[in-house]
Every structure is written in structure tokens, then in C-alpha cells.
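Structures for review follow.
Both complexes shown next keep chain A, but they swap its partner, so chain B is in the first and chain C is in the second.
Up next, the complex of A and B:
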């Protein structure tokens, strides 16, 4: 098995606010191996984006604080790294692209300036060399038009800006690319272009990708492995085939049933009852218990552990654990 | 007879520029769009950002003044109505907006928000209105304790329910819903879609459902229209459109949707380039610079939006030629 690029262990990231403590990430384990594409899915507020910000060391502290756990990137624990060490890793070995490319590009500098700066921050080379590298990278992401280097972000379309962001992230050939909802702001035909580009770069450079999204269609097409989060915790993790064929956690099951699909027609969609719990008052036991249709007494009192249901498939639910012990006594 | 009949609708917005702010050009947001909707039917309008689907909805409501064209709603020509007549017609014609955060007044209680349309249209006395508000909340799956709260105290899904309740308050015939579920999470999205379908049955509503999500539109619509750069390029019964798309743009659009099934095999048509700017749309067919089947005629002549058989309308020379 290939080496892990990123290994998050038991990460707890809490926000201490005037209204109380928000346990945005509460005991998260996540491993990404060389060249792998891992999807992190969940609905708004489940902690998926905060996780990515924690990896990049971009969580404002305070109010945020990593209260427990470690984030190992190629052996270095990022939670203990200094700002200087983080700066060396960020942008070079680990890069990130965001949902809204317009807010991540500086409107006052040309595309060329920004790409050249990214190169020269990490590598000693002349401006001309950096510019040449920038031009090559833009070509790789499908921007062949000359002159883009001298244009400003506002002159580009949303899809083009996201390509520039990807070029900037990939220019130093990082080991890990974190993509937080990279196509959510884009139209579906442009999304298809960007996803294809990311897949191509993953194959060509062997860059591992952590893809954060709420779109189950996108993960089904892109990811080797999928991690489902709910209310700050991982509830299920497995490869994409098993996740879509045999989801085990009631939340994952409900989620898959509630999306309308192009290739089937249902009278009614399944709807998960209720809503996501208030982050200030998480349920005592399983966080999904108040919405779960198969809830048992134990679920309301004890937090279920994330346990294997089969080889390479874990789920945080007492239902399977009951099955397990049942099988054991047979 | 159709409840609403839209004929050759056109809406342009001026572009002002220069020191004196003179008009230097115009954006053709909606260009010669025609369709009709039968009572009780749901017509879906899909397309990518900037295709004019929202402007179409807003122009029908006369939230924007139309540039050209005609809309006949329940026998009345909407664009010829005077202010007072229009106000009365709006009782039967309501709208639900995308952003439930922006479309509810943050300073008003839910009861005030829901009561206002009733007051505006002079429906019922204070006691009846109060009773109505209570009933409306029930209808959308909320309860009367919610009436005295403010919008910020609700989640996105609940706010959208309130938006729907407000639209329902005057017992309209037609609701134009502009991206009503796009701001919502999937698990909440399905709750709201189910609610809209239940209400349609209960109150015999007709919907124009505007969205960019092709799967959502497929789920709720009886017929679906596809827009590109201000024009309606295809309009057909739902199953027909999704199974046998005729326009190359519809085909590409459908193939681009990521499917939540890793076993699905599909041929993806990746379109090159971006949607052209609507202030300078291409000559001929607006889609021709990106079309994989482009012919010479497409560059010069705009295809006619015509019935290719069985109510399957398409604006494409590939199919117009056959006819």
C-alpha cells in the first residue's frame, strides 16, 4: 500500500464563541495516500470545509482552537508547526483551491504577476523563468490564449478564473491538492471541464486530491474513496462503489435517497425528517439520532464509535454493531 | 386552454458607459421566447447562469418592464394592464424566490409577512387573516408558534417554507418559482420539493419552475424548456426531453451532469469554451461557436423554434432541415 500523504488523527477543532462552544470538528480521522482522490461530503455546517482549513493552518485562532489530535503531512505534524514551517509547505507541497475564485485572486494584480509570485515565493528563479513556467502551466489547464498573463481577474469568466486558480495551485507540483467545492459556483458544462482537468492532473502528476463537496454526483465520478461527515463527525467511509451500492449509515442512505436522479423517475423523493442539530447543543448520543428513522434507545445516550462493517468500510452506527454481536453469538 | 401564454417575449437591458453615462449598448437577456402552460401543469425552465431564465420569470411578473412580446394570463393581456389592474391580477400570480434570506423582511414577524398580501388584496378582516396565517403555516408544515418569530430565527429550509406560504396566501393560480431549492442542502431540498408537489395537488396550482439543476427540474416538471443565451432552444414533455434530446446543447448539458452512481457509463460531451457574452451574441444560432455539429447555415441564419413532432419544440437547423 502506498504511503499516506496526509494523516489526520482524532482531530478536534472547536470554536469558542460568546454563545458557547461549537465543536465544528469532533474527533476526525482521515488518511489520504499518494495519488489518491478522496471525497469529503456532507451538508452545510458539517465541518468539511473547516477540516480543510485546519489542514492548511488557515483557521483563525482564536476563536478556533485545535483541542486534540494531529494532522501529519508527509510526517510533519502541522498542528505543532510554526507559521514559518507552514508557509514553506503551503503553496509548495500542499495547495488549495476554493469555491469562489474571484475572492481568492487579487483583483489588483495581473494573472501573470500572481502566478510568478507563487513560484518565486518557493523557488529561487528569475522572473523570466517563472513567467515561462506560468505560461506552460496555463497551457496545461487549457488556457492557450496568449495575453492572459497580462490580464486581470475581472477580465476572465468564472471557469477561466477557476482554471487560473488550479494552475496556481499546481504550478509547483504539490503532493496534495485540497479542493473545497471547486465547481459549486460554476455551470454544469464548465464543471465538467474543470473535473476532467483535475482528473487529468491527478493522473499526470500523481497529485493526491482531497475533494470537498456537497454534490454526490461529483464524488461518484471523481473519488476513489469517500468520507461522509455529519455534524462534525465522520459517519461513514468506504470506496465509492460500496458507498453508492451499499451505504450502511442511515444518514448516507437517506442522503442518497433524497437526491433526484436523471435516470429514474420517482413520484416522491425521500426526505430526511427534521434538520441538522444546533451546533451549540449537539445531541448527547448519536448526532443523527433525532432524525434517524431506525433510532434505538442506546443511540440517544451513547455516541456510537466509527467501526468496521466489512473490510474497508466503516460506519458510525449501533445498528451494524448490534448485527455484528448477533452474528458473533450465532 | 392554456392558463398562461407567453408570445415572443423580449427583454433588453441598456448598458451605460462613458463620462456622460450614455447608452453604449444593450444586453439581450430574453430574446423571442414563446411558451404556454396548461392549468395544473409544471413547466420547468433550465439553463446555465445568464441564459435569461430568471429574467423570463421576472418579466412575466412585470417586475421588469418587457421590451417586446405579449403574455396572456387567464384571458388578460398582462403587458397592457394599468397599475391597479395589474395589482389585482397579481393575486393570482405569485412568485417564490431563490434566496429565502434576502426575500423576507428581517424586521417583520412571520405573521406580518404572511398577512401583508392579504391586507394588500383586501382579503378578510383581522380575525380571518389571523386564522389564515395559522392555516398557511400548517399547510407548509410549520406551526402557529412560529408566527411571532422573525426570519433570522429560522433555517434556510424553514424560510423557504415561509416564502412558499406567503406566495400561497392569496390562493394564486400560478406560482413562478425561481430557483426555490438551490440554496438548500440536499436533505432539505427534497422536503421542499415534496411540499411543492403536495401543494400543487391540494390547491390545483400551476408552476413555472426555474432552476439550473437538471435533476431537480426533471423531478418536478411535466414539460421542460431549455434556454441558452436568452433563447428557448428546446421545449418538450419531460421524459421525451431527457431521453431524446434533439438540440446539441441540451444533449451536452444532460451529459455534463455528474451522476451519483459510479456504475453509470456515459458518454460525456465536453463543450469547449464559455457561453458568449449576451451583449454581443453570435450571429445565426447562438450556440454555433460551441456546437459539435455546426453547419454553414448555423453561422448565418437563426433557426426557428418549431415543433419537430408531438409537441417537441426545437430551434436547430439539424432538425428544421428534416421537417
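Up next, the complex of A and C:
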């Protein structure tokens, strides 16, 4: 099996605010291997963005603080790295694109300026060389039009800006690209194009991708492995075939039911009942218990462990233990 | 940028017209009789009538205004009642003195204001932040005349580090070229003179620049904190560039837009302050020129002096507007 590029172990990242402590990430494990595309899925507010920002070292501290766990990137523990070390890794070995293409580029500098800056932050080369590299990279992300380098962000559409962001992230050929809801703000046709582009870059450069989304439909297309998150924790993880055919966690099952399907003419779309828990007051036991249709007494008292349900498939639910004991008595 | 500049210049015409009308109206509303100023208290009514006729003061006000405007368009600012000199010929050096003082004051205000603001954002809620904002709070609260007098007392009288008034040591008097002494000194390549000019300008410029400095510092802080949270600053950090570039390139340039607005508004105050500062430091600028004219009831000089100050104000605002467009490419392309 290939080496892990990123290995997050038992990460706890909490925000210490005036109103109390938000346990945005609470004991998260996540591994991404060389060249792999991993999907991180979950409802809005479950801690996906915070997780990715933690990896990049971009969580505002204070109020954020990593209280436990480690983030190993190519062997270095980023939770112990200095700002200077983090700066050397960011943008070079590990890059990120964001949900908001409209606001992610600085409105006051040209596209060229911002791309060249990304190159020269890590590589000592002339402006002309960096500019040439920028031009080539823009071509690779599908912007062949001349003169874009001298244009300002407001002259480009959302889709184009996201392409520029991708070019900027990929320009130094990083080992890991984190894409936080890269297509959420774009319309459907553009969405598909951007995802396809990322898939192509993954094949061409062998860059591992962490694709973050709240939309299972997006990950179905292109992820090797899918990690489902709920309220700061991983609840299920497996490859995409098994996740879609045999989801084991009630939350995943609910998510799958709520994907609109073209062939079914349903009156109303299924929605998981209830709401995500108040981040200041997480349920004591299973965090999904207040919304779970199969909740049991034990769920309200004890936190279920993330345990294997079969080879390469883990889930965080007491139902699996019950099933096992059933099998035992049969 | 060129088209934008041209458009802004065209828009100046109505502004300048309105300005001339207001200044004219205000000066005419000042109680007192110019004819008495000229003829003195002992003049007979006939003599006064004669003088009024010569000055055109017997005509309807709107005719007076149009005559005044016509002269203005030809660059004629009128004639001093007291010295009988043409104002347009003697106002230049005063204007240069005020402009030089204001430029240095605003440069000091911008440099220290912006960096103080950045210092406090950089370490938000630390003693650096509180310290900087305390200085800013004191800065906005200090009356100019008090600060000016304190400076004179401490640095000129007690310590003797700086001269207390004037623009240049009288022994260094020279044949001015631009009447901007700093520029002239540079043109002559005379470092001794430059040093002396800077020594003279420092105290009044600090007195004049302190309030704008403090206001700019506060504005910089809030504006920087706002921009700091924006997505593109996060993108800049994600690239792994230095914190210096993140702050001075990506954040400050965006934060400058609201800061510039404040600077533009401060300039009106600054010109008002210039009159006060010039009086305290015997600075031979337009402020002093008007102050002396008021004492001698020299109406045309008062009128033209105010007009020139207002003109400087409008020009500085034009420069601020052009700076906006230069900083923010969206302004030139968009509708205003």
C-alpha cells in the first residue's frame, strides 16, 4: 500500500469563545495516501472546514486551539511545527482552494501578480520565469485566453476564478490539495467541469486530493474513499462502492436517502429529522442520538467507538455490536 | 485611468463655481464697510460714496459677483485694500508655505497613523494594541493650539532643539524658486539649508498632523481587522507568503480604501488647523495671510484667501479620488 501523505490522529480542535467551548473537531482520524482522492462529507457545521484549516495551519488562534492529537504531513507533525515551518509547507507541498471563488482572490491585484507571488514565495526565479509558469498552468486548467494574466478578478466569472484558484494551488505541484466545497458556489454545469479538471490534475500530477463537500452526489463521481463526518467526529469510512451500496451508519443511510434521484418521482425529498446539535452542548452519548430513528438506551449514555464492521469499513454505532452479538447467539 | 481623470476634472467645474459663490456670499455677509477701511473713520459720506463707486460696491450684488467671477477666470484675485497690491501676485509664497506644511503634516499623519494602526491589529488585544489606541485617543483629544504651545515651550524654549517659528533661519534667506523650501533646498543641493528647513517645519507639522494621525490610526485598526478576516487574506496565507506581505500588500492595500475616505474628510479639518498652527508658529502661510487681513478688514484679501484654501481643499479631494481609482481597479471600470 502507498505511503500516507497526511495522517490525522485523534485531532481535537476547540474554539474557546465567550459563550463557551465549541468542540468543532473532536477526536478525528483521517488518512490520505499518495495520489488518492478522499471525500470528506457531512452536513454544514460538522467541522469539515475547520479540519482542513487545521491541516493548513490557518485556524485563527485564538479562539481556536488544537487541544489534542497530531497531524502528520509527510512525516512532520504540523501541530508542533513553527509558523515558519508551516509557511514553507503551505503553498508548496500542500495547497488549498476554497468555497468562495468570488472572494478568494484579492480584488486589487492582477491574476498574474497573484500567481507569480505563489511561485516566488517558494522558488527563487525571475518574474519572467514565474510568469511563464503561470501562463502554462492557466492553460492546464483550461484558461487559454490571452491576457488573463493582466486582468483583475472582477473581470472573470466564478468558474474562471475557481480555475485560477486551482492553477494557483497546483502551480508548484503539491503532494496534497485540499478542496473545501470547491463547487458549491458554482452552477451545475460549471461544477461538473471543475470536478473533472481536478480529477485530471490528480491523474496528471499524482496529487492527493481531500475533497470536502456536503453533497454526496459530488463524491460519488470521483472519490476513492469517503469519510462521513458528524458533529466533529468521523461516523463512517469506506470506499465509495460500499458506502453507496451498504452504508452502515444510520446517519450515512439518512444522507443517502436525501440525495435526489432522477428516476424516482417522489413527492418530497427525504430529510433527516431534527437538526445538528448545538455546538456548545453536544449530546453526552452518540451525537446522532437525538435524530436517530434506531436509537437505543445505551446510545444516550456512552459514545460509540469507531469500529471496523468489515475489512476496510469502519462505523461509529452501537447497532453493529448488537448485530454481532445476535450472530453469536444464532 | 486617463479617461477617469478627465471625467473627474470636468466634474470640478460646477464644484468650483459653487465654491466661488459661497465664498463671495460669506465674505459679503461679514459686517463692516470696506470703504471705511480705506478712508478711515473721519471720511465724509461723500468720500465714502466715491470710494464705493470706484470699487463697484454701489452696483447690485449679482453684478458684483459676475464681475468678480470674470476677474477670477482671468486669474485676477483682486487688489488689497490696505497695500494696494494685486493679490494674485503676492499670494503665491503664502500658498506654497501652507501647502508645504500641510503635506508634511499629512505625511507624518499617514506614516505614523497607519503603522500605529497596523501595530495594534498585528497584536490585537495585547498591550501593544491598547498602548497604540491609547496614544490615538490622546491624539484626537489634544487641541492644536495647546500642543503647539507645549511644543514651543519644551522643544524650542527649554531644550532648544528646534526653532520656535518661521520657515528658515533669516541668515539663510535666499532667492526662492518654487517657494516650497524643501524642494528649493533640494534643487540647490544645499544640505545645510535642507536641515534647517526640516527643523523649522517639524514642530508645526506635528501640531497639525497629530489629530489626523490619531484618527487614521483608529480607522486603520478597524479597517485592517475587517480585511484581515476576508477570504483573499486567507488565500494569501495559504500560499505560504511572509506575514509582512500578507499585512502590507494584501491587507493594507484593501484597508486603504476606507482609510483614504477618512483622510479626505480630515483634510478640511487640516486646513482649518493650518490657520491656527500658522498663527502660533508665525508660519507665513495663507492662514496667517487671512488672519492679518481680518485684523485690517482687508475684504478682498479675506475673500481670495478663503477661496484659495477652499480650492486647495477641492484639489486634495480630487487627488484622493484619483488615488481611489489607482488603488482599486474596479472603480475605473465600474460606474462611479
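Going forward, the second predicted complex is superposed on the first by the 322 of 330 C-alpha atoms of A that agree within 3 Å, B and C clash if a C-alpha of one lies under 4 Å from a C-alpha of the other, contacts with A are read in each partner's own complex, and residues count from 1 in each chain.
One rule holds for everything that comes next: a contact is a pair of C-beta atoms (placed from the backbone, for glycine too) under 8 Å apart; a residue touches a chain by one contact, two chains touch by 3 or more.
Quick caveat, the model's predicted, so the values are computed rather than measured.
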Clash or fit (per the criteria above) of chain B with chain C on chain A: fit
First (chain B), second (chain C), both or neither touched by A:95: second
Winner by number of chain A residues touched, once chain B and chain C are compared: B
Partner chain(s) touched by A:152 [first = chain B, second = chain C, both, neither]: second
Which superposed partner A:190 touches (first chain B, second chain C, both, neither): first
Touched partner set for A:318, first chain B, second chain C, both or neither: neither
First (chain B), second (chain C), both or neither touched by A:104: second
First (chain B), second (chain C), both or neither touched by A:44: first
First (chain B), second (chain C), both or neither touched by A:160: first
Distance in angstrom between the closest Cα atoms of chain C and chain B, superposition on A: 5
Intersection of chain A interface sets (partners chain B, chain C): none
Complex interface listing, chain C residues touching chain A: 230-232, 234-243, 245, 249-250, 253-254, 327-330, 333
Contact footprint of chain A on chain B as seen in their complex: 48-49, 155, 157-158, 185-191, 193-194, 197, 212, 214-216, 218-219, 239, 242, 252-264, 268, 270-271, 274-275
Touch list for chain A against partner chain C, complex: 56, 58, 83, 86-92, 95-96, 98, 100, 103-109, 117-118, 121-122, 152, 154-155, 165, 168-169
Residues of chain A that touch chain B when the two form their complex: 43-44, 157, 159-160, 187-193, 195-196, 214-221, 240-241, 244-245, 254-256, 258-263, 265-266, 268-272, 275-276
